[in-house]
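Both of the next two complexes hold chain A, though its partner changes from chain B to chain C.
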Partner chain A sequence: MKYILTILLLTGCFDVSNAQQKKAVSFEKKMLKIPAGNYKPFFVTKSNKPIKVAAFKMDESAVTNTEFLLFVTANPEWRKSKVNRLFADSNYLRDWESDLIIGGKNINIYNSPVVHVSWFAAQAYCKWKNKRLPTVAEWELAGNAAPKNIKYTSLTEYILGWYKKPNLPVLPNIKTTYQNVYGLYDMHGLIWEWTFNFNSFISSGDSRGNTEDELKAFCAAGSINVVDKTDYAGFLRFSYRGSLKGNYCIANLGFRCAKTIE
Partner chain B sequence: MAKYNIGLLLILNLLGCMQSSNKTEKKITASGRQAVLSDKDSMPAESIFHLTDSFQTQENIPFTLSMLKGKPTVVGMIFTHCTYACPRLTADIKNIADSLKGEKEKVNFLLVSFDTKRDTPDRLNKFAEENGLNKNWILLHGSEDAVRTLSVLLNVQYEKDAEGNFSHSNLVSVLDKNGVLQYQKEGLEAEHIVTISTIHKLIQQR
Partner chain C sequence: MKHVKQGLSHLILLCSISIVLSCNNNSGNSAVENKLDTVLTGTVTAELTDAPAVPKPLNYTSPKKVTVQLDVIEKVMKISDSTEYTFWTFGGHVPGKFIRVRQGDLVDFTLHNMPDSKLSHNIDLHAVTGPGGGADATATAPGQSSHFQFRALNPGLFVYHCATGPVGMHIANGMYGLILVEPQSGMAKVDKEYYIMQGDFYTKGKFEAPGLQDFDMDKAIAEHPDYVLFNGRVRSTTGKNALTANVGETVRLYVGNGGPNLVSSFHVIGEIFNKVYMESGSEINRNVQTTLIPAGGSTMVEMKMEVPGVYNLVDHAIFRAFNKGALAQIKVSGDENPAVFQKLK
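Here is the complex of A and B:
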């Protein structure tokens, strides 16, 4: 009798933890598999061949304010009032009313991408989720996939059209632009996104690079060239990344996480 | 008696459940530790010693940046397979060290490698020997994450190419004894007069 009860109780215990797990899983963001591919770096040196990108997983959409609220709730050092300026400038979570209250009374940004977050904050969030930020190569490979549910002439045209538009007063929700063939939402058209190695080497000029100064400032800078000179949208993304610092918190800059496939 | 036993079992069971859920919680906080601020009060907010990642020295000793505390530090980020710029950056920092003469001992010289794959502590040890870098020099190997985070803090740009070599900016940084960035100079064979005078000033600071 005793044994049976024990077994019953043990099963009960497992059931509870299973249920907890299921509950936790339902809160988890869906991740999609991005197949392996080759990424041609936008700026290349003579020795720089296309980078092989292994298959990886990526969040289907950008991290939202609600999701980020769970993070700051669990990690008090990332709250507005407590964060170290070294890791996030004074614009950190600027749209939030206070440490644990997201928007002002009249705006609903709960399901919009979290913006005004620094690279350090994005890194910490992804680590907390047992994920990581995508590399530039991964992000570009994923972002260059064709849209599947909108009409467009070319991805570059689409992106440039978005760049031309002024920022909306309230950032729209996630999943409001387009979905690409991998199933990823809003890779362009909603926000810019942090990448792990955003501070990758970038030349200051387009540069045949023969000047003494450049050779001295950068290792291998002499042979820098641009792969596709018509990819103006790509050029803008690279310039933008090159202008960032890790603690910058900017109005249209958010992130999504990635994960290595073991 | 049987009742008590069952009650006890129930409690034990519950405790078991609670313990397991506690464990997972601990795991989560540990993995989100990126910016946990260790002895926050004694460190200025801008100190890069807030970076808590662990590195390994050329002697394979675990090392955190806060261990640099107490002396000003001259930092360069390098990789040892670099044929063009890096030996020169190391040479530049060596020249800075030499010009400090007797005061050299009052300064840390730190080289951190981008090359998390090839620059093992052993390799860094050899590099230190080959370049005549004495005990004042700390050469660090770290995880990709730790090295990238440090590069972001120091505004050093770098990128690995398909061959496993690195393009990178050449930056000499000077930290005060509390790990606050005080001066940076970009470029190889740059004029380091201000770098040196900054170090002199920082040595005087109490």
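Here is the complex of A and C:
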């Protein structure tokens, strides 16, 4: 029912061809099995030890604007005008024209990752789908897998390349960067992604050793880097996550869902 | 009556002694406490300038609340004529905005990270007394602002920089600037004031290789910079962009070194510093040819320009000046001064 409603909304509002949109909304998002593994943080402390990660399922790509539109259509409390400010700051769905209209001028982002969404909204979306956000360990394990369809010298170089590139005027569609060996699209190079326990590390803003974790992270950043450059980009992700709050809605920050394998 | 008077004066003497003693017991603290008791006399917004400009000397003589807002902007700019680089900046330029406050001021500081930034940033101001120099209070995600206050307790010229991990990378991309805390008596008046800041840069390509150049982490860790620059660009301050002064004028340079790695051997070819505020502290050295500026440190130098001409400012680790870009200029105009210098046929 909600799909039909949305398609009606889309076709009602725009005279553009919505074939692609219909295609996008008529399929459940494909989930891929990520095999069990050992997530080894780029530094190790008492509270930040290597973690065994059980096999789990992960969305093959980030949640798109069109997919998120279905969510807010079905869940009025997550519409722009109704959302509780405690759960999403004033930038929530900033680019959308209104509650249920992404907007004619935004035609190019229907199939782009939804951004300007809070942790609470992302978690609510996943719950609605009977899923959840991936943990940091799950996300990192999945994200560190090697690309399989692009030429690259190292994943770190690839990631740093994204950091240095100014934002494009329009956020590209999903599945436009690379696919990794698990089959996941765009784990790096398109957006940042929310994780379930994003703020479990570096609770203070200074990353130079105010806590044991930070001290280790700070020292490790230089020394370990020589051995494994991938970890250096990991450090940037940890710094980024450490500055977030659950209600923040940010231009480059979206999400994908995960699911425990029963 | 006389005895009473004597007794009273003894008592007063005793009291004074005990006050003096109690002051001596915590001499450092009481001076600070006295300062902190002073009522703030209004609120001002700090004038912020891009290098080589320096904000006007402060014209107030009692502590104020000073509002400062810095924007973090990640942007591609020219590092040389045909080479571009993605800089991370405090205010859109390298170095960041020059901030000028007065000792005793309460600085109300807001750091705003632009919405289209890719990364989180924060700020550590060496002028701050407090955890992380402010870094602790300012971890700021893209599109967000953070806010804290600090008291400018110590006078001097202080470096500020981003301290988000990996710290070296944030600094290497240009995230530093200077904050001047004028002593309560103010800075002595001079004719010209300028802002210069040195920094070392690490790129995939060699010096002046054309195009958009990536940051090179290996070179940064090895401390092998491709560029050593004043004010973030090759030829930022030469030719038509040179600093200017007239014969007879005293020029004061506020010089910082953002690093991340190199120490600067700061020298002006053809001049001798009349005064060097050593490491921007309270000691003044005189008649200095070359002064060291630590990475994450600064100096204030003054020189009277006696003879017209073009004077080159260099890092006298001299390959940096002629092969890596560490060269700026002051153009001095005016009448020749043969009593000091003349070229003979």
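Operating definition for what follows: the second predicted complex is superposed on the first by the 198 of 262 C-alpha atoms of A that agree within 3 Å, B and C clash if a C-alpha of one lies under 4 Å from a C-alpha of the other, contacts with A are read in each partner's own complex, and residues count from 1 in each chain.
Criterion: contacts are C-beta pairs under 8 Å (C-beta built on N, C-alpha and C of every residue); 3 or more make two chains touch, one makes a residue touch a chain.
All of these numbers come straight from a predicted model, not from anything done at the bench.
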(Q) Per the contact definition in the header, classify A:120: touching chain B only (first), chain C only (second), both, or neither. (A) first
Q: In the overlay, work out which of chain B or chain C sits against more residues of chain A.
A: B
Q. A:248 contacts which: chain B (first), chain C (second), both, neither?
A. second
Q: Identify the partner contact of A:173: answer first if only chain B is touched, second if only chain C is, both if each is, neither if none is.
A: neither
Q.
If we overlay the two complexes on their shared chain A, which of chain B and chain C does A:111 touch? Say first, second, both or neither.
A. neither
Q) Regarding the shared-chain residue A:144, is it in contact with chain B (first), chain C (second), both, or neither? A) neither
Q.
Per the definitions at the top, what is the overlap between the chain A residues touching chain B and those touching chain C?
A. 202, 217-218, 221, 242, 245
Q. Given the complex with chain A, which residues does chain B contribute to the contact?
A. 2, 5-6, 9-10, 13-14, 16-17, 20-21, 28-29, 31-37, 45-48, 50, 82, 84-86, 145, 148-149, 151-153, 155-159, 161-163, 165-170, 186-190
Q. In their shared complex, at which residues does chain A touch chain C?
A. 91, 160-167, 202, 204-208, 210, 217-218, 221-222, 225-226, 229, 232, 235-236, 238-240, 242-245, 248-253
(Q) Applying the document's contact rule, which stretches of chain A touch chain B when the two form their complex? (A) 1-2, 5-6, 9-10, 12-13, 16-17, 20, 41, 45, 47-52, 71, 74-75, 77-78, 83-87, 119-120, 123-125, 127-128, 130, 132, 196-197, 199-202, 213, 216-221, 242, 245-246
Q.
Applying the document's contact rule, which stretches of chain C touch chain A when the two form their complex?
A. 74-76, 86, 115-116, 118-120, 122, 124, 131-132, 135-144, 146, 163-169, 214-215, 217, 221
